[in-house]
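Input: structures, listed below.
The following pair of complexes shares a single chain, chain A, combined with chain B in the former and chain C in the latter.
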Partner chain A sequence: MIHIKRLQEDGADVIALVGEIDASSSIELDLAIAKSVGEGFTKILVDCSALEYISSAGLGVFMSYIEEFKDRNISMVLFGMSERVLNTFSILGLNELLKIGKDKGEAKQLIS
Partner chain B sequence: MRTKAITRLLFTVGVITWLTLVFTDISVLFSSVNNIKPDIPTWLPGIILNLFILSIFYYYKLKIERDDVLNFVDLLWRVFATGLVATVVSLALRLAENLLGSTKLTTHVVFKDLIYMINLGLMVGFLLMAFTVWKRLILYQKSKWLLRLWAFFEVGILLTLLYNSFKIPLVEWVYATLLSIFVVVGLVLSGNMKWVAYLNFRQKWTSLLLLLLTIFYLLYFVFTNSSLAADIHAAHSTFTDYRIHIFILSLIVFVTIYSVFSFLVILFNLPTTSVFEQKLEEVVNFQRISQSIQTEQSEDSVYNILLETSVSTVFADAAWLEINSSKSKIFTYKIKETEAHDIIEHLKSHNVKGVLDQGSDKTRNLSKHLASLKGSRFRSILAFPIYVKGDNIGTLALLKELPEGFNKEMTKIVSTFANQAGISVENFRLMEEALQNERYKEELKIAKTVQKSLLPEVLEKDDDFEIAAFSESADEVGGDYYDTTRINDHLVSIIIADVSGKGTTAAFHMSQMKGIFHSLAQQQIEPDEFMIRANQALIYCLERGSFISATYFVINTKTKKIRYARAGHCPVLYFCAVKKSHEYFKDRGIALGMVRNKSYSNFIQACEFEYKPNDLMVLYTDGITEAKDNKGDEFGYDRLAQVVDEAKDQTPKEIQDHLIKKLYAFSGTENINDDYTTMIVKFK
Partner chain C sequence: MNYQYKVGCSIENLKGVRDFIRTSLKKHAVPDLAVSEIVLALDEMCSNLMIHAHHCNPDDLFELHIHVTQQNPIVFEIIDDGTVFDINQFHEPELNNIIHEKRKGGLGIRLVKSIMDKIEYQKSSGRNICRLTKSVNFQ
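Let's look at the complex of A and B:
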């Protein structure tokens, strides 16, 4: 189960993920990002501080946007990951493809 | 078999007692006429008559009451046939008597008594037959009190046999009271005519005829016997006179009353028979619709039955059934499709809502709107929507050439039919779905065996190492893959891979991975080159968001070195026998399919290490490290290392079994909600 909250801060869209992302809830994550892009945001911050678990399907969602974001000049930064979640990202090598910040402050620096 | 024998015995007893009755009665009468003291007591004939009655009574009881095959008309037929035979015999006697003329013999009282005895026997037989049959008819739909009343009646009249047997001095009032009681009870019992309702029109006519003749025979016998008895009585009084026999009199009264009642009831029921038959047909039709689901092969059959039954129930002149599925279908009865469409169009164009309008759930009689359609022969229309799971799937329309041809009753019935048809179609669809699911399950089973065959049955072996592997999927098919292949005498490659997601799509990608592995491994390329080429190949296969994590090894037994590349797969767990320590190899490397261009080569690297005897390499998929216990804690890397450490001195197979056992113990179940695989390589 995942709960997704969105709020805008300094022209960036902050998407907060609360709970777990598995195969079924990854669709919600996909929808949330697509909506943010659709609304014309070019700066997307993903708050992972309350994200307890992410499955490969959830990682696939982030992965699927990498090229599109590069083409459309949209930058996305993830931040606040627990060690466990970060490990999942880094084993797959996604930490090399995505920008990941420690906290919101670092994330904001990375995005601008 | 026993009943048959008893029946025969009773019949024989009946004949014998009757013969004895004739003999004794005549001898008593003869003695008395000639003023001689009779050799046999004068009360004997009375007792023998009663014995005769009893034996015939039980004979019919066994023969008729137990026979379940007989229907109402058959029963009436039996009574009629018995009456016919008896009457024919009696008439034949009369004829013989007439032919002999008025001689001394024919006028003699003893001869008269013989004729009387024969007639009496025939009448008693006929009466008892009728009595037994009437009993069955009366008790056709029995209640407790009816059974009691009947028992009282039957036992009561049988007891009067005793009264008659012992020549108890005739007391006028006892006699009158008993007789009137039985007449009254007989009257009450005669009110039970429920069986009449179950006769159809033809059966009613047959029954009327049979009953009429039965009544005629009864009258004939009563008349014949009473005149004979009167004649004999005039000459002499010491003979068995049935006119004071309560049993026979009660029987005559009861049988006659019931015959007359039945005749009248059937006669007055004749005009309403068609209504009852129609109701019965409705019930049968209703059953047909509800049972159609078990017997019919398709929805179309259900629709056809609905159309047929509705038409026959309301006597419609024509009907159609329009089904609005993906392509609209129309079933018609005695109406052309074009004509039906004309009416539909007409109603639509006049903006008539409520019947053919699919959005509305109202059923109304729309007759008045038809009047405005020129050239149509129909003057009444009645339509019903058919619902399946709340969706309107079609409309049933019934037509009549008469104006105002449908009544409320018909509306109700057809509406029930339409509802039932909806339920039948729904059931049918559910059953179809269940069958489909069953088919899918079967397909998945096949997929499972196919996929199992994609995993190697035998792994490469060498003097330098031994491998054990294990894989299980959460669903029927999974996305985990492992394999080994020998490149040449000193090179062996190993792969372990995990496709993102699980189930069927993952299984397809897994089979692609197998193809890629076997074609690339034989080209004897570096592990990083393997990954770059595999990535390039997979770009065209993997859909958006899917990826494959993999680790590819090439073991060189000549140099005792292993070169490998990790593409986002779980880090290798390596146990060093010399240092007695373990380590996870966390090199960089991105899963296959994540970077979909040539830049992938920047994200992958090849590494190398040397192996020594008794070193242990543990490969696994995230299904193992991410397996959870009931508290939600993961199995994790530390626990994995610790569990393997416990068994690291054993053979790879034993280590693997120990690991799986511990994994199941940890998660508390053998149904882990992910695909999980281990591959354990032990060096020698």
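Let's look at the complex of A and C:
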């Protein structure tokens, strides 16, 4: 079960993920990112501080946008991950392929 | 100790599967990070089974057994009677291809193989048993 909240800050779209993302809920993450892109945001911050769990289905959603974001000059930074969630990204080295900041401040620096 | 969980093949039930694994392993001083990796691998195996072998039919049931003592390895068995999908026979796509083709799948099997020590398949009384083993540093 995942709750997704969006708010705008300094021209960036902040997508906050609350709960767990698995095969039954990864579609909601996909829709939220697609909506942000559809509304024309080129800076997307993903707040993972209340993300308790992410399965490969959720990792796959982030991976699927890497190429498109490069082509369209859209920048995305994830931040606020717990050690557990960060470890999930690290097992396959996805932490090297995605931009990940420690907190919102660092994420804002990484995105500009 | 043996722990058993029987559940229908609806992906809405994955949360219950994860909670069962966490609760069982935490009774045996398995470190948190190891628990979270095991949960990740088994979530992947169970969601694959629900989606590909049982087309998310909630009336199809499968069982997850956990055998855990203070000695390694911990043994997990996923038992069902659907079509077997042997992940050892599956060549997972390269990460670069996953990015390039904008695929949303393909990461899961790579994760399972990175996390688990061994994955074996066996038939017993007409049922499929997928046995995964993992050694951890008990706290």
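Assume the second predicted complex is superposed on the first by the 112 of 112 C-alpha atoms of A that agree within 3 Å, B and C clash if a C-alpha of one lies under 4 Å from a C-alpha of the other, contacts with A are read in each partner's own complex, and residues count from 1 in each chain.
Rule of thumb we're sticking to: contacts are C-beta pairs under 8 Å (C-beta built on N, C-alpha and C of every residue); 3 or more make two chains touch, one makes a residue touch a chain.
Keep in mind that this is a model prediction, so the values were computed, not measured.
Of the two partner chains, both chain B and chain C are touched by A:Gly93.
Contact with neither chain B nor chain C is seen for A:Ser112 once the two complexes are overlaid on the shared chain. In the overlay built on the shared chain, the residue A:Ala57 is in contact with chain B and with chain C. In the superposed model, A:Ala23 makes contact with both chain B and chain C. Shared-chain residue A:Gln8: touches no atom of chain B or chain C. For chain A, the partner that touches more of its residues is C, with chain B and chain C as the two candidates.
Residues 23, 30, 56-57, 59-61, 63-64, 66-67, 84, 91-93, 97 of chain A lie at the contact with chain B in one complex and at the contact with chain C in the other. Those residues of chain B lying in contact with chain A across their complex are 498, 500-502, 544-547, 549, 567-571, 586, 588-591, 594-597, 603, 622, 634. Listed in rising order, the residues of chain C touching chain A in the complex are 11-12, 14-15, 18, 32-33, 36-37, 39-40, 43-44, 47, 50-51, 95, 98-100, 102-108, 110-111, 114-115.
Those residues of chain A lying in contact with chain C across their complex are 1, 20, 22-24, 26, 30, 53, 55-57, 59-61, 63-68, 83-84, 87-88, 91-93, 97. Chain A makes touch with chain B in their complex at residues 23, 30, 56-57, 59-61, 63-64, 66-67, 84, 90-94, 96-97.
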